[in-house]
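Order of writing sets the labels: A, B, C and D. Residues in every chain begin at 1.
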Amino acid sequence: MNHLIRIQCPDRVGLVYLITRILSVHSLNITEMREFVDETAKLFFTRIVCTGNLETDVLLHNELRQHLPEGSAITINPKKEKKIAVLVTKEYHCLGDTLVRHFFNTLNAKVCCVIGNYNDLDAFTTKFDIPFYYISHQDKSKETFEAEMLQVLDEHAPDYVILAKFMRILSPQFIDSFPERIINIHHSFLPAFIGASPYRKAFERGVKLIGATAHFVTNDLDEGPIIEQQTIQVNHTFGVAEMITSGKEIEKAVLSRAMKLVFEDRVFITGNKTIVFE
Amino acid sequence: MNHLIRIQCPDRVGLVYLITRILSVHSLNITEMREFVDETAKLFFTRIVCTGNLETDVLLHNELRQHLPEGSAITINPKKEKKIAVLVTKEYHCLGDTLVRHFFNTLNAKVCCVIGNYNDLDAFTTKFDIPFYYISHQDKSKETFEAEMLQVLDEHAPDYVILAKFMRILSPQFIDSFPERIINIHHSFLPAFIGASPYRKAFERGVKLIGATAHFVTNDLDEGPIIEQQTIQVNHTFGVAEMITSGKEIEKAVLSRAMKLVFEDRVFITGNKTIVFE
Amino acid sequence: MNHLIRIQCPDRVGLVYLITRILSVHSLNITEMREFVDETAKLFFTRIVCTGNLETDVLLHNELRQHLPEGSAITINPKKEKKIAVLVTKEYHCLGDTLVRHFFNTLNAKVCCVIGNYNDLDAFTTKFDIPFYYISHQDKSKETFEAEMLQVLDEHAPDYVILAKFMRILSPQFIDSFPERIINIHHSFLPAFIGASPYRKAFERGVKLIGATAHFVTNDLDEGPIIEQQTIQVNHTFGVAEMITSGKEIEKAVLSRAMKLVFEDRVFITGNKTIVFE
Amino acid sequence: MNHLIRIQCPDRVGLVYLITRILSVHSLNITEMREFVDETAKLFFTRIVCTGNLETDVLLHNELRQHLPEGSAITINPKKEKKIAVLVTKEYHCLGDTLVRHFFNTLNAKVCCVIGNYNDLDAFTTKFDIPFYYISHQDKSKETFEAEMLQVLDEHAPDYVILAKFMRILSPQFIDSFPERIINIHHSFLPAFIGASPYRKAFERGVKLIGATAHFVTNDLDEGPIIEQQTIQVNHTFGVAEMITSGKEIEKAVLSRAMKLVFEDRVFITGNKTIVFE
């Protein structure tokens, strides 16, 4: 049987030996192992896939905890199929890609609900027997708007909230409800063109590349840890509309790749960065 | 015989017909033609390659001028081999690539001199029988420093000044001496990480892509018209040093591509953007 | 009003002038024009977008025909929304992407039907109110199998037949029914790994890139005119399964891009190649 | 002090633990570790960077040998600066890039000599005080030609022989003299367009991508283990000459990257593939 072990702990000499010794005692055979030391933060990160009979995770967990430094975070066999909620506005491309993968069981996650601040994507979503909640932001305070969303989210208890072209800025209170669990797709190669209308800004600046960035959401707008980025070439014939059309292809690809990496437990967060064990 | 015609003029109906009619009268056969209308500026741009016997450019030039709108810029058979001066500091990669191409006659330009504010690249440059001027910026005002460089440049009268990792900021006075004729390679995908130490900033932000930008230099630092941009992937294992090493490959490629495009007269400037007829 | 004009004709001196003169007479103003001469075949190709009032296409068509060389193919304002039939086997990724775009009216085409030689994609297709025909190839001759498909296709009369990971080889007779109108997505960067199991071959060869190719289908298997190709990096950790998973992303992107180009009438075929006016 | 350890051995349970235990006994602290199991060949590969005081490599080597399975290949602290000979014909771009890096001490290798079967690159090479041997292949048997080259190579005793656009096919006898030590840059994305004139073949096939491949040379022409591959986009406007010009940029980049990887001891060969620990 395959087991997945994730460890984050203060760095010190001999950690790889220590960990592999404990796995060896439990007759676990390592088939994949990746590690990284963040020299700035003095933190050690590892993701190990091993095979063997592990009657219970508890013993192994205890033994690791006992020998690893204080402040270690150890995860053994995290939940395989994450539960996610998808927040959208009007654009369909990221949601469409996500729901198609979901329908064919290749998303590595269960979409428990879709929330839209417009109802443009209701008909599409419900085709796939996924509940769509139309929660308008209009004529109400941000507080009320977010409270309505939180009520739905509380009910569904997702592991991750995916902002699939959700065009409202979330409050710190909302974000704090899902620490390191909100993933956003931003339509520029951050940190270029932070904020609103990045394609218009890109057009005005005359760039020869546009891009997209998937990142965890923190209270600093567009400043959270980056998971994945890609760019594509544009040229002088691209107006804002052509950049948007072209950009959608890359937004879709980048968000989908970021979700795959996160749902396979390949991503660690250290400070304002990610470590991605691809 | 091949002829190259470049026209920039106020846009109006029938320009393609008008121009091709005149070329036809001169028995010139179009083999390549690219055109673009900048809708914002209401300007028309074309680059035409044609074959035929053109005893003198003057008649054709006059006829085009006569029929095209006021304010047209017409160039017939621009100088094929541009003359360039290269400004450097300490890094060799862009200069190295440029001088090797020059030595084997594939640069499409003649390097008349290299100016360095350090003398690290003197020995390399003079191997290729190109004069190297060591003009230090130290212990003198920017005015004096630039005056010394201008004296050398005046002597050599280059068509273009190439900033091949020249790490000093030039004054508006200096830049005004070479309007739309200074090309810089900037070590980030502008407008991200404008200014000093872009790789350190990229490292700190935790980006998954780094890039380079070749642009014409204007008085707004790092804000001139972009000619070419490329990016490459990096990951969490890249420190600042690895980003710099990796970035050099792309800086070299981007500058070389930008020079090729400019020296083949494929680039027009419109406002703060370029039109590139590849 | 916008008009689209496509011309393919034997090359000769003065064609651009000739064509633009005729457009000018009809008070049509060119906003985009691309042209190319295939020197090997001595053929001229152009795609022109112009604006103006054209009461009927017939007069312009006649006038162009009258002045252009014998053997010219002229198309004015081709049908904007192509009708397509999609052929599939079991893999969903290309069909999924196509039907989502179709649902949101960004495919530039109307999907009239889907035919599968397995019924795995029936439930998905019919969600979108598109007829799915399950025509098994089993226990019947290729002749019978194709006759059954042709009957469905005759009924729906598609402009293009899209092979969206359709894993059966079609007979010359079938292909002749849709000359230059069948588009296939092949799971390798052709001409590498022609034929069956390209990812297995790629794995065995130890390549560091895999790719996908969209091409028109001719009687020579995998040898038809290439419309679009892309590659992505792989490494020694990729087994065949990982290559297939990774490859699907690029197959989807390449087929979608090829369809966009063809449906916007940007693609010409010359010999065994394509000219793509992007 | 940094140490580099490379191990290739038959796979079995507990190798990572075994190796890290031995390193721990020697008070070596692992800072980087990559491992891979070739499931087909049942071989385990690892590359470890560690720090610590290692008075002599011998003890560690012996202890590893004693505990690792029969048939293990263990390398501790391989020679840092490899010695290389470069073989060329007429094209300068790969040699130029290599000698510039060499001059500025960033090649990670010492170029001991250049051999050309034409003398076109003599003047360039000797500028850098590197001996150039002009050994023509004309009017002599392949045997004689290669014997003359081998004499020079024997004298210089290079660790690697780099075929930097060397356009002669080498005999099995020659290749056997440098097993897994000859690196070639091939001007196509192998296995496409094996053999002569790949760009002509690419032009004729109408591909939309061209590429380059760096690989170890074996007796099967163009069939050796691939180290690195890259592609770039081309289109219908590219003739053979334009493809060659464009391809040179990528050939240069791919060879340079492959050399970097090999010279940093990041590459293992397993069967006809490479494992690259980037």
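Just so we're on the same page, a contact is a pair of C-beta atoms (placed from the backbone, for glycine too) under 8 Å apart; a residue touches a chain by one contact, two chains touch by 3 or more.
Because the structure is a prediction, the values reported are computed rather than measured.
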{"item": "Any chain in contact with chain C as well as chain D", "value": "A, B"}
{"item": "Separation of chain D from chain B in steps, with touching chains one step apart", "value": "1"}
{"item": "Selected pair, greater C-beta contact count between A-C and A-B", "value": "A-B"}
{"item": "Whole-Å separation of chain centres (CA-atom averages), chain A against chain B", "value": "41"}
{"item": "Distance between chain centroids, defined by C-alpha means - chain A, chain C (Å)", "value": "35"}
{"item": "Chain B, residues touching no fewer than two other chains", "value": "none"}
{"item": "Complex contacts: residues of chain D adjacent to chain A", "value": "13-14, 16-17, 20-21, 23-24, 29-31, 33, 35, 37"}
{"item": "In the complex, chain A residues that touch chain C", "value": "92-93, 96-97, 100-101, 103-104, 124, 127-128, 249, 253, 256"}
{"item": "Chain B-facing residues of chain A, complex", "value": "36, 39, 189-193, 205-209, 211, 225-231, 235-237, 239, 271-276, 278"}
